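The structure under discussion is supplied below as structure tokens; questions concerning it will follow.
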Amino acid sequence: MSLSSLLVPAILFFALGMFACLIKSDLKFPPDMHKMIVIYLLIGIGLHGGKALASSDMASAIPAVWAALAFGIGLPIVAYIILRWLGKIDPLNAAAISAHYGSVSAGTYMTAVAFLAGIGVTYEAYPVIMLAIMESPAIMIGLVLAGYSRKVMGGATKADKGMYKHLLIEAFTNGSILLLFGSMAIGWVVSDPSYKKIEPFFELIFMGALCIFLCDMGMEAGKRLSEFKSVGVFLVSFGIAMPLIGAACGLFVGHFLLGYSVGGITLVTVLAASCSYIAVPPAMRLAIPEANPSFYLTLSLGCTFPFNVVVGIPMYYAAAQYLHETYYPLV
Amino acid sequence: MSLSSLLVPAILFFALGMFACLIKSDLKFPPDMHKMIVIYLLIGIGLHGGKALASSDMASAIPAVWAALAFGIGLPIVAYIILRWLGKIDPLNAAAISAHYGSVSAGTYMTAVAFLAGIGVTYEAYPVIMLAIMESPAIMIGLVLAGYSRKVMGGATKADKGMYKHLLIEAFTNGSILLLFGSMAIGWVVSDPSYKKIEPFFELIFMGALCIFLCDMGMEAGKRLSEFKSVGVFLVSFGIAMPLIGAACGLFVGHFLLGYSVGGITLVTVLAASCSYIAVPPAMRLAIPEANPSFYLTLSLGCTFPFNVVVGIPMYYAAAQYLHETYYPLV
Amino acid sequence: MSLSSLLVPAILFFALGMFACLIKSDLKFPPDMHKMIVIYLLIGIGLHGGKALASSDMASAIPAVWAALAFGIGLPIVAYIILRWLGKIDPLNAAAISAHYGSVSAGTYMTAVAFLAGIGVTYEAYPVIMLAIMESPAIMIGLVLAGYSRKVMGGATKADKGMYKHLLIEAFTNGSILLLFGSMAIGWVVSDPSYKKIEPFFELIFMGALCIFLCDMGMEAGKRLSEFKSVGVFLVSFGIAMPLIGAACGLFVGHFLLGYSVGGITLVTVLAASCSYIAVPPAMRLAIPEANPSFYLTLSLGCTFPFNVVVGIPMYYAAAQYLHETYYPLV
Amino acid sequence: MVLPSEILISMKRIEIVINEDSLGELRELLEEANVRGFTVIKRVGGMGSTGERNPEDYALAENNAVIVLACEEKQAERIIMTIHPKLKDFGGMCLISDCKWTIGPAVSY
Amino acid sequence: MVLPSEILISMKRIEIVINEDSLGELRELLEEANVRGFTVIKRVGGMGSTGERNPEDYALAENNAVIVLACEEKQAERIIMTIHPKLKDFGGMCLISDCKWTIGPAVSY
Amino acid sequence: MVLPSEILISMKRIEIVINEDSLGELRELLEEANVRGFTVIKRVGGMGSTGERNPEDYALAENNAVIVLACEEKQAERIIMTIHPKLKDFGGMCLISDCKWTIGPAVSY
């Protein structure tokens, strides 16, 4: 892996966006543009994944589902423990932040896909299922942690039953999850000639559209960087340490338990290391209104996302390569 | 025509949008996204049509123009009679609803094009002229029916001359009609090498963009479905019967009078069966403010559009195939 | 050059937009659509330019930089003198208008690129550097002219130091300039295989997207045309004469001093002849609030832009061809 | 003001700010109270007891809606009494002030 | 209020809601009445005597505009008298209320 | 109005229109003055002493923001005194009027 492999256009556009923010440029993308590109990218990734899955052995997908559930439930608990015991973060903020780390960032996943495409590495079809699955358990475990926190803190349990039900439904009817699952299903069922007709829009121009998305993300990340001070040293360190912990789990699961190729391990690692900024923040805002959104948004968008995009992905890839060459998988 | 031919991505995305609405997902596309895609699709269909017409025999286009005018004038009158005598709908609402059925739905037309492309069926260049022509006469016949209704109802004729003139002008300067005609003209005159340069944007990625459009339409149709109750059983049945009547006319004209291929008959049938939701609603709102917009919008978007997209198009295609194999055209 | 070479789709769409405005159609593109397309086009042109530069001899780029600076500084001074002495325009309005003519219009440049592509003429990589460079010096010379005007007019110099510093920074951190330079740098550094991945989005569909942009520009130009009366005969003539003066300089520099091919000369000429409507208007609004924005916007968008797009570009191309065939360059 | 009272009549102006998601529910309440006219501004941001709400936020776009309505005093009382018990769910605020309505084309209050 | 009158002056606040398409015409009327300052909010929805107007509607997007302007009492009278006969064509509504203007950088009323 | 005073309390309504770019600065001032609730409408146009401002303009999009806030009289005074010296930089306008606040879920003024 040479240095030039890091010069993935998508990542360079991310850097450009951050740079624009740093020099206080008046560059600004219309807010709706961001929403549109996200819709487009989610559909594109779903279709591509569904098509890949259609020609895969579905029995082999089961372990990926289990892994996704394990990440979605396990990582938030790990995060919660670290935040509470090491960081002395108050229980509700800890719960809200934790939930984000059980979930995934579609943006990071797509950047990893662009990275692998750039260096010509192939990967399994299953990680995209994990991408689609991981948002929901993370939201639910966030609710559980919040309930636990409230009990621990004593006082009125304040557990508004109606709201919990609402959130559970929301965890499955959430727009972006639906779009991902829906387009995955469509990619699955449509015939090859039919798919060919829509491929130019959803695949051919995908990588270019991703650049614009990441430029926008770069500006957002840059804006969030300026809030580091109000978040504190511990949380910022956590925002870098937690993806590394997730990555370690991802590497282990991807290589030893799932037995994927280097590309597949990299994607699984990225999923475990990344942190949601789409479905989880609104859910936590509703479920734990007492938590400070600027904490979890700054961590997710200002810290973990840029870390993963700029440093994480190539690092995870190198680690996956090393593992793959050194150890046999357990399966 | 196997079942899998129904699995056109565009139609599946329409279903996905309706599903999102049914399960009350918070999925929502930015309102401007819809407007942009419509602009793009209208230009794309116009250019494509213009290019096809440039290499067609223009004399043969004349019958298509006559057919378009006949549909635009005849179908609203049929609709008006049904609504008034069978449904006892009040005259002004009947006039407003009728006008919609003389016009066409570009979305339905494009879905039909996607359907034909999916099963590899070719079609004539002329139906696209009909698409462009049919909006205007329908608006004008709507005005005539409204005037007649007001006279029938007695009282002040209230025929505001200025407004009528305004609407007649509007029927020809309407943005979407202009875009369609304008891009058709451009597609006509540009040279092949010039067209090649813009083809990737307007043709290659067209089918994919159509999917996003139809997903959005699905959500809108789903929303309108919930208003069925306030519209009543008769109108909902009318919303399904009227496209069938239109389709019968379309099949007859397309096969016997125009002598088109199976693909061409299907498109003519779709034009006759479909119902406007772009140019006619604002015109009727202005011309017949007494009519209840929720009637004609629910019929058009919640009833006729989904019926045509999900059930109608394959049915019309099958009927066209049957006609084509069984009877000789009259021309 | 036959007449049909004028039938460039992009220019026809510009005409369609103007036509829509003339017949008072209700056609309207969402305001954000315009902003998005501009972002896309700037990135596309930057990437393309950067890629072309990467495989060019960079030493040969130096003269282009000098030429850009000379245009950016020289043309506003020429414009200022004409406006003051010939037109008796008040000093501050003259300064504000002048600054626009030292800068460039990316839209005109892209139309020229589309025109050259349409007739299959190649061009050097250097003009795109000039495009990126020319906005900033024009803004600065505008500030200088404004300062001079205020001194000439006597009274309080009113030169708000803070604002000047702010504007100087702005001249370099301006969003569109940054986007152009940034994507040029990215186009430069990325490897060919990486670039191939994003090429479909930024190059393949570029010309089509440009059509939509120019249709929108046509509507805007049409709207501005209606303000000709309030601007006066002299300024309207200036809006046509000034691009011709710029073009003469551009032809001279492009052929004799830079020694470019016919395509290259055409682009240099277009840069010299065109007039900013992106970065300069907001800067002048801030720097010279006393100037009437409707003057410089009407000139730029309603006069010089349509003149260049419809008449100028083919004329400049013909002139470049004539020069190239008749005289030897000085270099 | 010397404007004749055939042109101006005394009315109440009610201004409500709520979560845009609750707009449907509020509208039902207004219909119950027989309101015939109101104006709605969407995509509005703000700050209140539940923190900041910003419709342009990247990851956490939250929209408020402003509803302005002019009505007669009696009607205003009815509206306030109808809305008041529900304000708890809507969050936001509800202001009332005096105003004069310029008699126009149709009565939409 | 104990704020000194050098800072606050009594003014009228006029709030107009009309069809966005009529905005140009209204602006001409305001110019006639020598109005030097106003604020315009576009893409506004509402309900009135002509039914619902929703700028986000799929097939029938209809926009209102809200115009807010602060001016002296005399000016307000002139504005009302100028606008009043035209309100019929504009639809919508026009409210007037009392307010205090905080003296600021420049006189824009 | 016969509405009981447990439901309505007298307050001040402040309405500020400024350049959207100055919003951050204004918010800091409001925080200084301990403001706990306000509503912000962005992408607003207008006309004032510095000419027209139109957020939908093609080449020269300029946005105003409208800030509405309800607060107690004392708080209003504090806000006006804090904002007043800065109004010069912000441009725009600042109006104050009387209103009644409907007691709701939480105190956000």
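Letters are used for the chains, namely A, B, C, D, E and F, taken in the order the chains are written, and counting of residues starts over at 1 for each.
Methods note: a residue touches a chain if its C-beta (ideal position, glycine included) is under 8 Å from a C-beta of that chain, and two chains touch if they have at least 3 such contacts.
Keep in mind that what you see is a predicted model, and the values were worked out from it rather than measured.
Enquirer: By label order, what chains touch subunit A and subunit E together?
Expert: Both-contact set = B, D.
Enquirer: Centre-to-centre on C-alpha atoms, which chain is most distant from subunit A?
Expert: So the farthest one, by centre of C-alpha atoms, is E.
Enquirer: Higher C-beta contact count, A-C or B-E?
Expert: A-C
Enquirer: By mean C-alpha position, what chain is farthest away from subunit D?
Expert: Max centre-to-centre separation from subunit D belongs to C.
Enquirer: Interface check for copies subunit D and subunit E. Shared numbers divided by all numbers used: above half gives same, below half gives different; which is it?
Expert: Subunit D vs subunit E: different; shared/all numbers falls short of half.
Enquirer: As a quick test, compute the distance in whole Å between the mean CA positions of subunit B and subunit C.
Expert: 42
Enquirer: Based only on mean CA positions, could you tell me how far subunit E sits from subunit F in angstrom?
Expert: Taking the mean C-alpha position of each chain, the two centres sit 17 Å apart.
Enquirer: What positions in subunit D touch 2 or more of the other chains?
Expert: Residue numbers touching two or more other chains: 41, 50, 56, 97-98.
Enquirer: Which parts of subunit B, given as residue numbers and ranges, touch two or more other chains?
Expert: In subunit B, the residues touching two or more other chains are 32, 200, 204-205.
Enquirer: Please list each pair of chains that are touching.
Expert: By the stated definition, chains touch in these pairs: A-B, A-C, A-D, B-C, B-E, C-F, D-E, D-F, E-F.
Enquirer: Taking the touch rule as given, give the residues of subunit E at its contact with subunit F in the complex, in rising order.
Expert: 1-3, 7-8, 11, 13, 35-42, 68, 70, 97-109
Enquirer: Of all residues in subunit C, which touch subunit A in the complex?
Expert: So the residues of subunit C in touch with subunit A come to 32, 35-36, 39-40, 43, 169-170, 173-176, 178-179, 182-183, 186, 189-191, 193-195, 197-202, 204-205.
Enquirer: Provide the residue numbers of subunit B that touch subunit A in the complex, in ascending order.
Expert: Residue list for subunit B touching subunit A: 4, 7-10, 12-13, 16, 19-20, 23-30, 32-33, 114, 117-118, 120, 200, 204-209, 211-212, 215.
Enquirer: Could you list, by residue number, the parts of subunit C that touch subunit F in their complex?
Expert: 31, 34, 220, 277-278, 281-282, 285, 289, 293, 297, 300-301
Enquirer: Considering the complex alone, what residue numbers of subunit E touch subunit D?
Expert: Result: residues 12, 15, 17, 41, 43-50, 56, 64, 66, 73, 76-77, 80-81, 83-84, 87-98 of subunit E touch subunit D.
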